[in-house]
Structure formats: structure tokens, C-alpha cells
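There are two complexes below, and they share chain A, which is joined by chain B in the first and by chain C in the second.
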Partner chain A sequence: MPKKILRINMTDKKATYEDVPEKWSRWAGRALTSAITFDEVEPTCHPLGPNNKLVIAPGWVTGTPAAPSSGRTSFGGKSPLTGGIKEANAGGLSGQKIAKLGLAAIILEGHPKDGKWYTLVLNRNGVEFKDAAPLMGKGMYEIDEILGKTYPNTAIIGIGQAGEMKLSNAGISVNDSENHPGRYAGRGGMGAVMGVRGVKAIVVDDTGGPGVEIADKETFEAGRKKLTEAILSHDLTKKGGGLPSYGTAILVNIINEAGGLPTRNFSTGQFEGAAKISGEAIAEVIEQRCQGADSEGTMGHACHPGCIIKCSNVYPDESGKHLVSCVEYETAWALGANCGIDDLDYVAQMTRECNDVGLDTIEAGNTIAVAMEGGLLEFGDGAGALNLFDEVRKGTPLGRIIGQGVEATAKAFGVYRVPTVKGQSMPAYEPRAIKGIGVTYATTPMGADHTAGYTIAPEIAGVGGKVDPLTDEGKADLSLTFQAATAFIDSTGYCLFIAFPILDIATGWAGMAETVAGVTGMAVTGDDVVPMGKEILKMERLFNEQAGFTSERDRIPEFMREEALPPHNVTWTITNEELDQVYSWVHNGS
Partner chain B sequence: MPKKILRINMTDKKATYEDVPEKWSRWAGRALTSAITFDEVEPTCHPLGPNNKLVIAPGWVTGTPAAPSSGRTSFGGKSPLTGGIKEANAGGLSGQKIAKLGLAAIILEGHPKDGKWYTLVLNRNGVEFKDAAPLMGKGMYEIDEILGKTYPNTAIIGIGQAGEMKLSNAGISVNDSENHPGRYAGRGGMGAVMGVRGVKAIVVDDTGGPGVEIADKETFEAGRKKLTEAILSHDLTKKGGGLPSYGTAILVNIINEAGGLPTRNFSTGQFEGAAKISGEAIAEVIEQRCQGADSEGTMGHACHPGCIIKCSNVYPDESGKHLVSCVEYETAWALGANCGIDDLDYVAQMTRECNDVGLDTIEAGNTIAVAMEGGLLEFGDGAGALNLFDEVRKGTPLGRIIGQGVEATAKAFGVYRVPTVKGQSMPAYEPRAIKGIGVTYATTPMGADHTAGYTIAPEIAGVGGKVDPLTDEGKADLSLTFQAATAFIDSTGYCLFIAFPILDIATGWAGMAETVAGVTGMAVTGDDVVPMGKEILKMERLFNEQAGFTSERDRIPEFMREEALPPHNVTWTITNEELDQVYSWVHNGS
Partner chain C sequence: METITIDVAIYGPLARAVGGKHIACKKIEMAPATTLGNLRAALGIKEEDTGYIFINAILCDVPGLHASRNLPLKDGDHIGFFSKVHMWPYQYRDGAQMTQELKDTLRERGAMHHSYSTSGDDCTNHSVK
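Entry: the complex of A and B
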């Protein structure tokens, strides 16, 4: 049975199942959310207005049996944070269950004229519109618990208080296998786009669903094996490798050593407390606190069923019980180094608060750092920082500033050093010290985003080649290639971390493409990855152009061109002309 | 003696007097602030960063003896509110005194690296950099009083607490003849640009200054007479005419009658309480409260020496004493009708609060209305609205939201109906009901601004012709002509209200041009007004383009295209193509 588009109109509470039109038939995941946004959302519309939409789509291979680490769900639309197109993707349970219900995508549009809030329950029979009153004002931990009792073994997509308030840094939560809300389509404020629609939560029950058809089982199976082998043989992803052993936070010491760990609102590239918030330190905390049989803290946790990398962790409280899943590199950096905080327990508690009220951790950490620079708190004040999340929860004016993210907070506190591109704040890699990632921040249609073109692989990890992070040369081309490949991977449903093995192991790259070919029946090979990725980027770029974005939006902030970053004492030196080369092909052909 | 440019660098506390370079020699007032901003400010710089500048320039004829109503001062730079170029001009004492010191413009640049604040004292001997510590944290009423004692008979340019906090709606205050702070370069947040420079106040003492040279006295005198006669014979501006008798608030009933008075955050075009906040009502309050010999309330107040229109007023408290000068049409509307408030005393008190903490009244009123729509207060809650200014004064988080203006407040409270263009909120004319002014809002480089091209003259007042406000036809051309003529008038130093008489009386128009020709020695005639105005607009438009503005920024908000406005039940219907025509000449020649 071919997949359907489920269109849910919240104005008249109507759900319709539509055939996937020809123009979208090649796409899934990010490619599909971007195609639908490009085709159906007026680029100049107000992100919080009635004409924006929230599009949810699993990847091509999501929901298939045993495609490794392939459970990602893409959430797309026009971003309240950037004003441009947005795709944010999450792990957790949603992608596989949506796919198994036979859905290519869910389009959420309109909004209830009566101002009411709804929980949507999706199952094989259709969509139920339930009154969300019992959930209103609640955070995601409580929501997942409540809904998990009524609807066990379902995926729960939801928004915390930040999304209810339509704040620009509101993310969308997805529950994991333990029914915790730590999987986030965090970036770009898509939780506000869901909130505007009057939807507090979406429950996906795939019981009895048709499942995902595989057009060419042989090709799929061959590809799956190659990809699995690549993942399980690469140093970073194999059992006992870097990611399973220490999680993504293994990068804290590495990036700090490279002088590229943004510290105290991007004022230096090294944090004296880095070791205390590193992956190694997290492993030590788990080791110390989780000796008992009923301990819950662990490394090597899977963010969704079927993941064979398992870079997630469960960070334990003092008694060894689940505090939050998970403390990642970005989290440890954003809520740690960038705020001058070197206490992992504060970092973990703040991460839990982000997951509960529904905020992107990267933007939240940057926001606190900017507020610290603006004089609200001292750098390093973990207790003060932690309190801010309660302000968001309560919807106080301070919480409404913080919940809007970096640019709003910088304005409120008169701060000029604002580490954003297109209104979205930078992740944990200093563009002055690692130039390629700066090109990605500057030029991706998503706003500053490391996952949009992760040049850290060659620049720092020596994966997919080895490139000097401090040199400007060749970084425009490098970033574009990574951006294109990423757009493809974000459409597969695979976790982006398969990139490490497949960049180094050619059969893995081919295998990934074969699984897509196998599921869809399209003639996709490894050679199609970058060209197809560019097709996706082109839609996104054109959307932004039509929204009024020009090359002036593809810039690293002024202060990074003027202030030299210790310890390398480097400024941002890649020219505007080079940045403008990255997307010149959109209008010049090829 | 030819005029000089005074360049004050706050980084090294250095003041230098420079010859006016050839490229700026034709310009004064707005033309000069825009030319300097265009030439010296990087369009993509951060408005609150070290590379923005504050440029202050009196008009061509400002400071001459007896050019009527010619005391305006232009303040320019890159706007923290719009991100584009900005000129805001004010009455009061500054323009004439700066001009009489022999200055064409003051360029304020850099900022004290030690974070200190300064009062700059300008006199014929140069610039003194005084420690502003005694003024910090104070509002403008107290500042004018303190500085007025030390420096009597000087012009005082200053910022309130909002400017200290670098909030995006911080205006720049200029004192009037009674040393009150009610004259504001309000729009666009230029007070924050002054605050970033570490300048709390500028005192201008013109004692012994060289005065303004007149190149051709005969021509000047002939022009001055024609212009004066025109002003004194037109119904709106003559003694006993509309403006002197009732002030600008004479428009409240007129625009309400036309269905174009934006009410309760632009949700209808008529306010049932309009009569209670009208010019006629203000006159009645003055009449009732100011019978005593020591009463201070009055109509027919001059905002600067030498004004012969005198549309300002002094609104009295219950004992007849000065409460605020003045309650204008825009004030009465923004803090009245648009917030659903029909109590003039609340309007007057809030106006005083704006003048004290240093906020633009138009943006402040719109901000409160948006906050009301977002649920912070009920529409009509005068006491609640008044309290908000104390929040700004204290720098509370709520105050920092409100002090940033409409867009920041809309984001904080999740409001989609945001009546802004280019980030600046609309004045007191509903674009759906009066289409020409909507074209001005949409297309002027300044962001939504009625003074940038006041088509209300022909659309409502029947001045300069008579045009149906509700028709779309011809409005693009009409707006452009008004925008160009306005750019010229804003450069003369004349109050924009001379436009009423000179649009109807051809000799007045010619006379205005002759006074410019007389002062400067340039061959300027009435025929040059529009072409020269277009030269000014072109610089402004190009600055914005280089800052990344596209035609998508020249748009009326989405909700006005979708919601029909009572009582005419009209939407915004002028097409994007028509809007894009207005400035097509910038790149197409002519």
C-alpha cells in the first residue's frame, strides 16, 4: 500500500488522508518537510500566523526492520526563530510509528478559532481530537507520564510550557523507549508552530498499522548489511568505540584541546573546567553512582529502538536513578562551558529543565550566556542559571525573554556580542578556530547549525580526510559537500552519526544509498547522495530568498571579525565573496 | 565662515573639527545624516556595536533669523529597531544652537572602553567630556533640571533610562524653551545608539558662536516672506486655524470619522471614546483647569523658538500646572484609542512617562496594545498601562520587554497581529482605510512612519488636492511624491507642517526653496524639491539594500490582508507589484 499524507486541519478539526502527489513522491524526512513547506507555506507569512504549517515526516528507511539507527523524525515549517525554512529532527519513537501507520508525512495546519487546545491521537483508524485541558500548563515529564498511562507503547510528540506560550525557542519533544521526553526537534522554535495550531500533544499508536513496504528486498538487505558492518567497524561507532563509551561529550576535551570550545559567550576557545564536564567525567559519575542493581544511569543508551551506535546516556541523580537522558556534548557545552559552569549536576539538571519546559538546549545555553554578559547573572552561577527555567515555566516576563532565545535576550539586556546567524545561535564549535563549520553556520538555510554540514569530521576528527581547522582555504567547497550529503542523510531517517563510518568506509556509503533504493524502488546509488542533497538545499534556499533573505544573512557576526579568539588569537577571516560562492550554484546551474 | 563637521570619538575622547567634504557640501538635516550614515556606517554592522554612529544635523535654514518654524534637528544612524537607516527629527532648542555654533553636523562614534558615561558640553571653545555619574539612572525631567541649573539657556540632548539600557525603543530627548524634555527624536531607537556611545547628555551652549551665514540675503528674505505669508494664510496653520487652536489632536475626530483611527491594536477603525481624547477635549481640559493667573496649561505652544504655527500644547494637571508638553494626535491615539483608553489624564501621564524614561510614544502605545492583545492587561486598563513605564524605569524584565517596542513584545506574548513594517510600528492611520499612507508605511526606508510621506494631506484633509482614501489607484505615485518632498523638507530644518500651506499655496512652496537657496547659495528652486528629495531617498534605500533589505520588507502585515477592518470592512489590497513600483526608479534610472 503506497504511503499517504495525513493532513490535519485544526480550524475545522478535519483529518484527511491524501495520496502522495507526484511532486513529493521521491522525498521523505527533511526532503519532504522542506518540499511541503516550500510548496504550501507562503515564505513571507508570519511564523506564528494561521498560514504557517507544521510538517512531520519520517525518513525513507524509518520503520523498516533492522535498518540500523534509522529512527529519526523530521519536523519542518517556517521558523519563528529564524524567519526562514526549518527542519529539526529528533530520535525517539515517533518516526518508526508514523511510518508504520503508512504515513509519508503529517501536515498540521490552521488553528482552532475557539482558542482550545487538543491532543491528537493517531491510530490505524484515523485521528481523534481530544481535549488537552488536563495537560495544559504541564511540562513534558508529566505529560509523557499521563499520556503513557492512557496510551501505553505509543509515541508521544509534545510541547512544554514554552510551546504553549509560543516562545521562539520552544522545541518539540519526542519520547524514548523509557517514555522520557529527552528527544527533541529542538532548534528553530518549531514547538511554537505546534502551539499556534492549538496542539499540545500528538499520540501515535501504530498497532495494526500496515508497516513500511520494501520495494526491493534484496537491494535493501544488501545495503543494510554493508551499512551495519561499516558502523560496527569504525572506531567512533563500533562497540567499545568513542561514541558508545563516552557519548557525544567525548568531544569536550577534544574541542577544548583544539581551542575551539566556545567559553563564556564565545569570548575564548578554551574552558579551564572542560575536563569536569567531559564525556569521561559523565562516565565517572555513572560509574560512581550506579553500582546498585536498581541503578538507572548508563552510557550506551539508545535514543530509539534499533540504534546500534547508542551514543545516548542516562545521567543519574545522587542515588543512581534517572535524572535526565541525555547529557550530550552540545548540552555540556551550552549549559556548561559557555556559561562558565563546570558542575555536571547543574548541567544535567538544566538539561532536564529544558526537556521539561520544552526548550532547545543549545539556544537555552547561549541565551543564559548572553544574559550573563548582559549582567543578569555572573558567569559560572549554576544555581542562578537553573532558576531561570522556572521563570520560563511560570511565564514570567524574564522567562518570556529567556524562552525566546539569544537575540531577544541580547536586545533586552543591550548585548552586542550576539553569536547568531539568521537569528539562531551557534553550537559548540568556535567558527574562528574551526573555519569550515563557520561556513556551515553562515550559509546553511537553517541558521547557525553544526548538524547542517558537520565539517568537524575532517577538521577535528580526521574522518573523511584530514583538514586544518584554522585554514580558510577550501572551506566553502568542503562545507557545501557536507551540507548536501547531510540534507540527504536527514531525509533517510538515519542518524547523522552514520556519517562517521560511511565517510571513511566506501561500502557503508554505498550501503546507505542501497537501503534507500531498496525501500523506495528508486535508482539511488552513492553517487546520487550529493546531487539529491543539493536538490533539497535548493528548495530550502529558494524558500529563504522568497522570505526576503539575502547574502547579508549569510554572515558570521561582526564581533567575530573584530575580536581575536584565544588561545589561537584568530578572527573570522573567510571573505564574504567566499561565503557567497557556497550557494552560487542555486542560480548559476549545476 | 564655512560650517564644520564636529567628530567626537568616544573611544579616545577626542573631538575634531573637520571641513565639510565636497560630497556632503550640498546637504543638511536629514540629507546630511543619511549621507554620512551611508558613507561611514557599514550597513551590516550591529546597531548596538562599535561601528554604528549617531549623526546629528540641523537643517539648511535652522539657526537663521526668522525663517519660520525652522528649528528641527535630525538624528541619524543605523536603527536598532529596524536594522535599517534612520532619521528621526525633533523640535526644541538643539538645532538652532548647533547651527549657531557653526556646525553642519556632529558625528558621535566609538564608545568608552572603560564603560563610563559622559555628558558632553559643546561650546564655542570645543567639547568638554564630563563624568555623567550624577545623571545616571535618572529620567529626563530631572536631567534637564540638573543640567539647566549648571548650564542655563542651553540646549540639552539626552537619554532616559531606556537609552541607558540600550532598549530598541529608546528615543533622544531635546529640551524646549521652558527646559522640559518633551521634544523627541523618538522613532527607531536612536537613544540606544547614543547610549552605546556612553553619552547620557549633550549640552549645547551657542554663546558667542559664529551664527549661520546667509549667502544671498535678498533671496533668503524674499523666500522667508513668501513662506511666512503662506503659513499665516492657510486654514490649518494661520492664527486661530486648526493646528494652533486644537493642536495635532484635532485629527482624532476627523480620522475616527473617516474610519481610519486604529483602535485596540488595529482591530477596528473607529473608537467609541474618540471624542474624549480629541483636540477639542484637550482644549476643554485646559479651559477648565487653567483659569488662574499662574496656570500653565495652554494651547498654541511653540515647540521651538521662532515657530509661528505653535501646534504644541501644555497639558495641565488638576491644579492647572504643567503636566506634560505635549499631548499630540499620535500620543492621544497611541496611548488612548489603540489601547482602548479614553481618559485624557492617563494619556497625558503616560506621555510624560515616555518623555521621562525616554521612549517613543507611538511605539510605546503600540507596544502596550500588543501586550494587551497578548493578555498582559485588559484593553482600556489605564492604570495598568501607566504602571508599565515604571517597569521600564526600573529595568525589570517586563520593562525590558516593553521598552524594546512592538515586535519584541509580540514575540514575548505570542501575538501574531503585529502592526509593523521593517520592525517599526504604525502610527495613527489605518492603512486599510487610508491606502496611500499604507504605501508610505510599506515602502519608506524608515519603517512604518507617517511623517515619511504624509498622504493624509490629500486623502483626508483635502490639502494638495483631494484623493479618495479608500481607493488603491494612484497611491504608489502619490506616496513617492510625498516621500521625496518630505525628504527635502526634513533637510531644511522646517517643521513638516509647513507642508499644509505650501501644498496649497504655490508661492509658499517657491518661498521655501528660496530660503534654502538664500542660505546656501545653491541654485535651488521649487522644481528641485522632489528631485533632490529623491537623491536623499536613494541613499537611504541603498543603505537598506546593502543591509540586506529586499522588497519582502516593503510589505503591510499579513493580518491586514486577511482581516477586514470595520467600519468600511476593507482589507489591504494594494498589490506587491504596485508597492515594488514605488522605488523601482532607484535602479532603473530617472
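Entry: the complex of A and C
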């Protein structure tokens, strides 16, 4: 049975199933959310107005049997944080269940005229519109518990209080296998876009659904085996490898040793307390607190069924019980080093607060750091920082400012050092110290985003004989290729971390493309990845242009050109002309 | 005999070599004109077990390449040793400061990879064609 588009109009509470039109038939995941946003959302609309939409799409291979680490769900629309197009994706249970209901995408549009809030229950029979009044004002931990009792074994997509208040840093939560929140489509304020639609939660029950058709089972199976073998043989992703052993926070000490760990609101590149908030430290805490049989803390946790990398963790409280999942690299950095906080328990508690209230941890940590620089708190004040989340939860004037993210908070507190691009704050790699990532921060249509430019094999990238990756020159070509490859992987439904093994193991790269070809029946090979990725980027770039973005929005903040970053004492030196080359092809046809 | 003092941080399973669990930090006295390879040997760490290595916030080695063994050390240097399990994805490494010796080695072996140890010691499938 061909996949359908489920269009849910919240103005008249009507759900319709539509055939996937030819123009969208090649796309899934990020490609599909961006294509629908490009075609159906007026670029100049207000992100919180009636003409924006929330598009939800699983990837090409999501929901297929045993495609490894392929449970991602893309959430797209116009971002309240950036004013441009946005795709944020999450792990958790939703992608596989939406796909198994036979859906290519869900389009959420309109808003209730009666001002009421709803919980949508999706199952094989259609959509039920349930009164969400019992959930209003509640955080995601309580929401998942309540809905999990009524609708066991379902995916729960929801927004916390931040989404109810339509704050620009409101994310969308997806529950994990233990029915805890924390798998977030965090970036860009898409939780506010869901809130505007009057939707507090979406329950997805795939019981009896048609499942995902596989057009060419032989090709799919061959690709699946290659990709699985690559993941399970690479040092980073195999059992006992870096990611399952220490999680993504394994990067804290490395980036700190490199002098590229943004610290105290991007004022220096090394944090003296880095080791205390690192993946190694998390592993030590879990070992100390979780020696009993009933302990719940663990490394090597899977964020969705079928993940074979397992980079997540469950951080325990002092009794060894589940406190939060998970403390990852960006979280440990944003709420730790960037705020001058070296206490893992505070970092974990703030992460739980982000998961509960419904905030992106990167933006939240950066916002607190900016507020600290503005004098609201001292750097290092873990207790004070933790209290700020209650301000957001209660919707106090201060909480609403904090919930708007970095740029609004910087204006409120008169701060000049504002680490944002296109309104979105930077992740945990200092572009002055690690310049390659800065080109991607500056130019991706998403705003400063560390996941926008994942590396692919040089043979595929076609850069082997063209540029020297070890110099500043040629970084525009390199960044574009990475961004295109990432746009493709974001459309597959695979976790981006498959990029680690498929960069180093050629059969893994081929296997990834073969699984897409096997599921869809399209003649996709590794050679098609970058061209197809550029098609996706072009839609996103054109949307932003039509929304009023010019090349002047593709810039690293002024302070990074003016202030030298210790310990290397370097400034941002890549020219605007080089940045403008990244997307020059959109209009010159090359 | 005059000595120099090296500040060492060891991350991951290698920390056990000097009595740590996942992280170990110590200062070690070495003879003048010593090299990073001498330091590693003094710590009881096998070369094949090392991953990324930093000297004073400058990357001087990556997993599987062993480009730093002859690097001279001086009094007060800080060295960060990482175990082979540690990752530093290429896209987050691109543009970071590194020693000339490492740059030269990467040009020979193919710069744009996450790890140089997935296929054994020869790394033959990692060369840029």
C-alpha cells in the first residue's frame, strides 16, 4: 500500500489522508519536511501565525525491519527562533510508529478557533481529537506517565510548558523505550509551532498498521548487512567502542584539550572543570552509584528500538535511580562549561528540567551563560542556574525572556558577546579554534548547527584532489559537500552517527545507499547522495531568501572577529567572500 | 641530574596504567631532551593503545598514525593522552591546530577520516585515491 500524507487541520478538527503527490514522492525525513514547508508555508508568514505549519516525517528506512539505528523523526516548518526554515530531528519511538501506520508525513495546520488544546491520538483507524485540559500546565515527565497509562506501548510526542507559552526555545519531546521524555527535536522553537496549533501531545499507536513496504528486499537486505557490519566493526560505534562506553560526552576532554571548548559564554576555549563533566566522569558516577541489581543508571543506552550504537546514557541520582536520560556532549557543555559549572549533578538536574519544561539544552545553556555575563548570576552558580527553569515553568517575566533564547536574553541584559547565527546559538565547538565547523555554522540554512555538516568519504565528496582539508583554503567547497551529505542522511531516518563508520568503511557507505534504494525502489547509489542533498539544500536556501534572508545572515558574530580566543589567541579569519561561495551555486546553476 | 616536569592527563582506559579509572592526571619528571615517545614509555603506555594526543592544546597525533613519537618536550609542557576508543569526528576537527608533523602524515595517509585504526595497522583502505 503506498504511503499517505496525513493532513490534520486544527481549525475544523478534520483529518484527511492524501496520496503523496509526485513532487514529493522521492522525499522522506528532512527532505520531505523541507519540501512541504517550501511548497505550503508562506516564507514571510509569522512563525506563530495561522499560516505556518508543523510537518512531521519519518525517514526513508525508518520502520523497516532491522535497519540499524534508523528511528529518527524529522519535524519541520518555519522557525520562531531563526525566522527561516527549520528541520529538527529526534530519536525515540515516534518515527518507527508513524512509518508503520503507512504515513510518509503528518501536516499539522490551522489552529482551534475555540482556543482549546488537544491531544491527537493516531491509530490505524484515523485520528481522535481528545481534550487536553488534564495535561495543561504539566511538564513532559508527567505527561508521558499519564498518557503512557492510557495508551501503553505508544509513541508520545509532546510539548512542555515552554511550548504552551509559544516560547522561541520550545522543543518537541519524543518518549523513549522506557516512556521517559528527552528525545528532543530541540532546535529552532518547533515546540512553539506545535503549541500554536493547539496540540499539547500526539499519541501514535501503530498496532495493526500496514508497516513499511520494501520495494526490493534483496537490495535492502544486502545494504542492511553492509551497514550493520560497518557500525559494529568501527572503533567508535562497535560494542565497547567510544560511543557506547562514554556517550557523546566523550568529546568534552578532547575538545577542551584542543582549546576549542567554549567556556563562560565563549570567552575562552578551555574549562578547568572539563574533566568533571565529561563522558569519563559520567561513567565513573554510574559505576559508583549503580552497583545494585535494581540500579537504573547506565551507559550504552539505546534512544530508540533497533539502535545498535547506543550512545545514550541514563544518569542516576544518588540512589542509583533514573534521574535523566541523557547527559550528552552538547548538554554537558552548554549547561556546564559554558556556564562555568563543573558539577555533574547540577548539569543532570538542569537537563531534566529542559526535558520537562520543553527546552533545547543547547539554546538553554547558551541563554543562561549570556544572562550570567549580563550579571543575572555569577558564572559557576549551579543552584541559581537550576532555579531559572522554574521561572520558565511558571511563566514569570524573567522566565519568558530566558525561554526566548540567547538573542532576546542578550538584549534584555545588554550583552554584546552573542554567539548566534541566524538567531540560533552555537553548539560546543568554538569556530575560532576549529574553523571548519564555523563555515557550516555560518552558512547552513538552519542557523548555527553542529549537525548540519557531517563528513563523508573523500572519494564520495570529490574533494580528494581539489582541496587541502588541512588549510583554511577550500573550506567553502568542503562545507557544502558536508551539508549536502548531511541533508541526505537526515532524510534516511538513520542517526547521523552512522556517518562515523561509513566515512572510514566504504562498504558501509554503499550499504546505506542500498538500503534507501531497497526500500524506495529508487536507483540510489552513493554517487547520488551529494546531488540529492543539494536539491534539499536548495529548497531550504530559497525558502530563507524568500523570507528575507540575504548573505549578510551567513556571518559569524562580530565579537569573534574582534576578540582573540585563549589559549590559542585566535580570531575568526575566514572571509565573507569565502562564506558567500558556499551557496553561490544556487543561482548560478553549477 | 637536571630534569624537566611534564604535566600529563590521561583519558579513558589508558588511565588505568597510572592508577586512575577513567581519568588520571599527574606530573612526571623526565630527563632533558626527552621525547613524547620517551614519556609514553615511562608511563607504561603502549604506542598502539594511544589515540588522540595533544601537546599544549595542539593536536599531535590521531588514532593509528603515531606521528608524535619523536616530538621533543620541554619543561612545563602539558600532554593529553586519549585512548583508542575516543572519537573526534573529522568535521569537528577540521581547522583545529595541529603539529606540522601530523599534517604531513595526514597528507600521506588521507586527512579526512575519523579513525585510522579500523582495518588494522596498515590503514590501506583509508588512503585518498
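Methods note: the second predicted complex is superposed on the first by the 572 of 590 C-alpha atoms of A that agree within 3 Å, B and C clash if a C-alpha of one lies under 4 Å from a C-alpha of the other, contacts with A are read in each partner's own complex, and residues count from 1 in each chain.
The definition used in the following text is that contacts are C-beta pairs under 8 Å (C-beta built on N, C-alpha and C of every residue); 3 or more make two chains touch, one makes a residue touch a chain.
Quantities reported herein were computed from a predicted structural model and do not represent experimental measurements.
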Touch check for A:A564: first (chain B), second (chain C), both, or neither?
neither
Answer with first, second, both or neither: which of chain B and chain C does A:N253 touch in the superposed model?
second
Could you say whether A:L167 touches chain B, chain C, both of them, or neither, answering first, second, both or neither?
first
Could you say whether A:Y429 touches chain B, chain C, both of them, or neither, answering first, second, both or neither?
second
Given the touch rule stated above, what does A:L48 touch, chain B (first), chain C (second), both, or neither?
first
Thinking of the overlay built on chain A, is A:L398 touched by chain B (first), by chain C (second), by both, or by neither?
first
In the overlaid three-chain picture, which partner chain does A:A215 touch, first (chain B) or second (chain C), both, or neither?
neither
Chain touching more of chain A, residue-wise (chain B, chain C):
C
Write out the stretch or stretches of chain A touching chain C in their complex.
233-236, 240-243, 245-246, 250-251, 253-255, 257-260, 269-270, 275, 278, 280-281, 283-284, 287, 429, 433-438, 440, 450, 453-455, 457-459, 461, 463-464, 468-470, 472, 475, 478, 482, 499-501, 503-506, 567-568
Looking at the complex, which residues from chain B come into contact with chain A?
43-46, 48-51, 80, 165-168, 192, 195-196, 396-398, 400-401, 404, 408, 411-416, 418, 546-553, 555, 557-559, 562
In the complex, chain C touches chain A at residues 9, 11-12, 15, 21-23, 25, 52, 54, 56-57, 59, 63, 80, 82, 84-98, 103, 106-107, 110-115, 117-119, 125-126, 128-129
